[in-house]
């Protein structure tokens, strides 16, 4: 069967296609804003999953690529006057480049040591950017409002950004599926199960891990540029939030790591829950605590995540949910 | 009545069953040997008996009581003591502290002083270096600490997994001598050994494990004359 | 220049002792059960608020308040272990990391609901100490002494009590400990409790000289990571040394470059040490 | 199989669409203000904003909201704003807690505009949060009056609908240099320690230029992160013979800085800090607050009267200073600070513009704001209208206070600059 004939391939894709298309058709600002937040979460969680789910390496500071890419894209856009599309790709490429540089070194570390190193990299990057004058130092950068005129005023500019994000998210999902179902992906799974054994069997682990790291770093860079363009400004504190990084992990876990569908379900589920708790009169003050309790229950009792659980329990859906 | 009785134990790791119904009895005061080729499940059996692994099926009775559902440390407190394969010392702690940890259970603590003297008498070399870190000792000394630590627990039954593995013949001999001295004190022991000749020489009774089951059993002297055993394990 | 260097270094080192205590809790837990406790920061904040509440509402001297705060920290640790950690103790690292992070969210969430995220302050001054050209608040000196005291107590406990030795035995070889009749689960719970107790005490000490919010534990948690790696993960005394190193760096760096470069150097060094010597600068195993 | 799959997709996609409809901004929970038909004689306009009910801006933001609420109460109590065509406008508000964090501000303002149908916006407290919200206001074509947002940079981004009620940051501490030179004409060296955020950075950049122009040497110029609790590394870098220490940021961090300067027994002729000193709560520092100078947007003791307005030929609008203070004290049982006045004035600006425009239409109100030049108890209000700095406050000026001891030895603040409005003369920092 060709790739596009497999339900596991097109299911997540069509969902996002229909969803984003509907938002574009209905053309309503509030809905776009919410969909933007959700799609961004899906894109970030899915790109993290490419590393976490397929190689088992826990990157706690993955948000560093969102921050560095976002900063670079924003710089190209606001200081160098590049168009949005090119800036976003530029941001993504920088993230990928950095990942390639640090990847070879950092990916030698296993388990918790790797997790700690990624936290360190994120904090170091944040502190560095705060001191980096071309990127505006501690107070960051902004786009002059007139920049939106290029895209037909602020309204259309926001819609353009949304459309771009929508497409990016679909590309992430395709990449996620292709990595998982290639020979390359098989090697990654072997690394996840037992890295030493995989090396013995001939998997070139350092190279494979680094390539995966590069792929999973590219998309956050693109998404970062789009997000900060929408926001109109960028500051170190917003770009390198460790908390957001961990939220990405939670989304992947919630949906089921190592699946294509999992991060999609997890990201939407988590954001929806967070939104619900934030606005619910009962849980408003306790939203963080309630979310934490739910996360704990998932970790302790459903470690495979929602999609993983369904896959394990409903035979018929195994082919559909990848 | 047997001191330790293993009934129909089936056990294994995730997805791989190794033991398929093993029966075993240890008579009080006797030294019993378990013989079998590599990977047949000797260590798995000891781990299951000690409660480090949960059996798929079967039960373990100690002093007439069912201990199948007790944790390993509870079995140790009851007097079942295993000197594990690879010694498993507390490498960051001194020899003295290792022995002290051996006497962690309540019943062992009462006779700490006497037992310590006994161990030092059995292995005088340990007494000379009580403050040395266990991780810095030679292999033979480490094995002495391991056996000594097991004795500090005041065992009712002492199980020894691969006592002589990796030791020089001379050191192995020293340890086997220690075993015969312990046997004289009336201690019940279960020995798992790859040096079958030596093991059968000191044992009262022996079991041969093959394909996850007890293949042969009998008094050690008889088994050492058995043709199959001689061919397979004694290399004669 | 020299005056500045010395006074800056003094401040940094005094603070380093307290950093060390915070990191010691983290490193103890890691050493015994290979779990990185991401609820460490919120527990530090709980220590701050515990001291604050006892001082502000009951008028307890903040240093005396540390005794009940330590007790509460121990109990909190036991509870966290039993509920969140025990089930994932043998699972892959991701599970224990996320489980403790879930606890982090719960504590921060409840803390925010109760205290809001507004800054608080313990209004208790011991005045300033002047030695030659050096001037520093007395509370920092007391904090450093407190830190040394806590470290000494931990060492006496680990090396001279039965329970302490059991902790070291479990940390060293959990299976062997179990075989010797040591109830390893209970020892793990106790270690976790001690680790959070150290965090709570560190929080209490910090609260006597800095203002704080519910979220204030976060930076100290990050610093604790750095310290643990400098001193060698799993070595409590290494944590104190690492703490002093970090404090010293924080005193040293500003003498030569803008203060805002401190975190760049700190975390850069952290990643570098992880890569070159994951066992820590002094973690000669 | 295939058909089943197709249905499955649509069910899931549909549920996501529903999710994006109801997610983060939970539309269902929001109270809606229904706009009555245009022809009605009475109309309610909704003023939307976020408030830092928690977090580090809690102290300042609470005062600001108190001021705004007092204004609303007075307007509605007086029967609303009466327009020329007879329409009566009542004001209602809708606000959320932004937790002093920028990440939520944009989401909440989008929600205020689209879901809660806010007609006009007031900024959150602080330049950082305002900067984030201003983009949204401009993107959705809403007028925003900023309060507690002094940073100049916000008004240099090409916005046309954002109006500043505070004196811009660039004029915040320049007066302190004048005070210093008056107190100690031989002063040579100053040290600047500031929060690394938009507002404080804008303040100290202008301060540095001004100080150097006046012949002073800026011996130390360092920024600290917003959450900083330990200022020792900065204080240790202050040269021993410095004549003045200036800077700070917002209330929480600046208060800590002042305390640690005292604990470290730093000797200097003058300490001038941002935001915190004018707050009455600053007195809780005890001895550490004595002699600290602060710049204030407004002080109860400062006088702007109808007479002074007439003298300068500017129209007077709103209550007198006394009326405001009394009303505020009666409602909140505390003295108003300049943050309170700022919140109140933001409302007044909107009120005056709506009255002059005779409408609530965005374009008409904008025109009225562009043309505004009034005098109030808070001082003069006039906005820049050029393309480079539209909305920047031009009319208003700072006053400077210093904490001094009264006869009973109690700490109290006195206006010390400008000299014309001074209630006491400034003194040099005593030796510590």
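Think of it as A, B, C and D in the order they're written, each chain with its own count starting at 1.
We adopt the following convention: a residue touches a chain if its C-beta (ideal position, glycine included) is under 8 Å from a C-beta of that chain, and two chains touch if they have at least 3 such contacts.
As the structure is a computational prediction, the values presented were derived from the model and not from experiment.
In a view that ignores subunit C, the other chains are joined by touching into A, D | B. With chains reduced to the mean position of their C-alpha atoms, the one farthest from subunit C is B. Core chain by CA centroid proximity to the global CA centroid: C. Chain geometry summary: the mean Cα position of subunit A and that of subunit D are 36 Å apart. We define each chain's centre as the mean of its Cα atoms; on that basis subunit A and subunit B are separated by 53 Å. Averaging C-alpha coordinates per chain places the centre of subunit A 32 Å away from that of subunit C.
Between the Cα centres of subunit B and subunit D there is a gap of 78 Å.
Looking at subunit D, one finds that residues 196, 223, 225 touch two or more other chains.
For subunit C, the set of residues that touch two or more other chains comprises 112, 258, 260, 262. Annotation for subunit B: no residues touch 2 or more other chains.
Pairwise, the chains that make contact are A-C, A-D, B-C, C-D. Contact residues of subunit A toward subunit C in the complex are 52, 56, 58, 60, 105-106, 108-109, 111-113, 115-117, 119-121, 123-124, 126-128, 130-131, 138, 246, 249-250, 253, 257, 285-293, 295-296, 299-300, 303.
Residue ranges of subunit A in contact with subunit D, taken from their complex: 7, 11, 14-15, 18-19, 22-23, 29-31, 33-35, 37-38, 130, 137-139, 142-146, 148, 154-155, 158, 231-233, 235, 237-238, 241, 268, 271-272, 274-276, 278-281, 320. Within the complex, the subunit C residues that touch subunit A are 30, 34, 36, 83-84, 87-88, 91-95, 97-99, 101-110, 112-113, 222, 225-226, 229, 258, 260-264, 266-268, 270-271, 274-275, 278.
Within the complex formed with subunit C, the subunit B residues making contact are 50, 52, 71-74, 76-77, 81-82, 84, 88-93, 97, 100-102, 104-105, 108, 149, 153.
Put simply, subunit C touches subunit B in their complex at residues 162, 165-166, 168-169, 171-173, 175-184.
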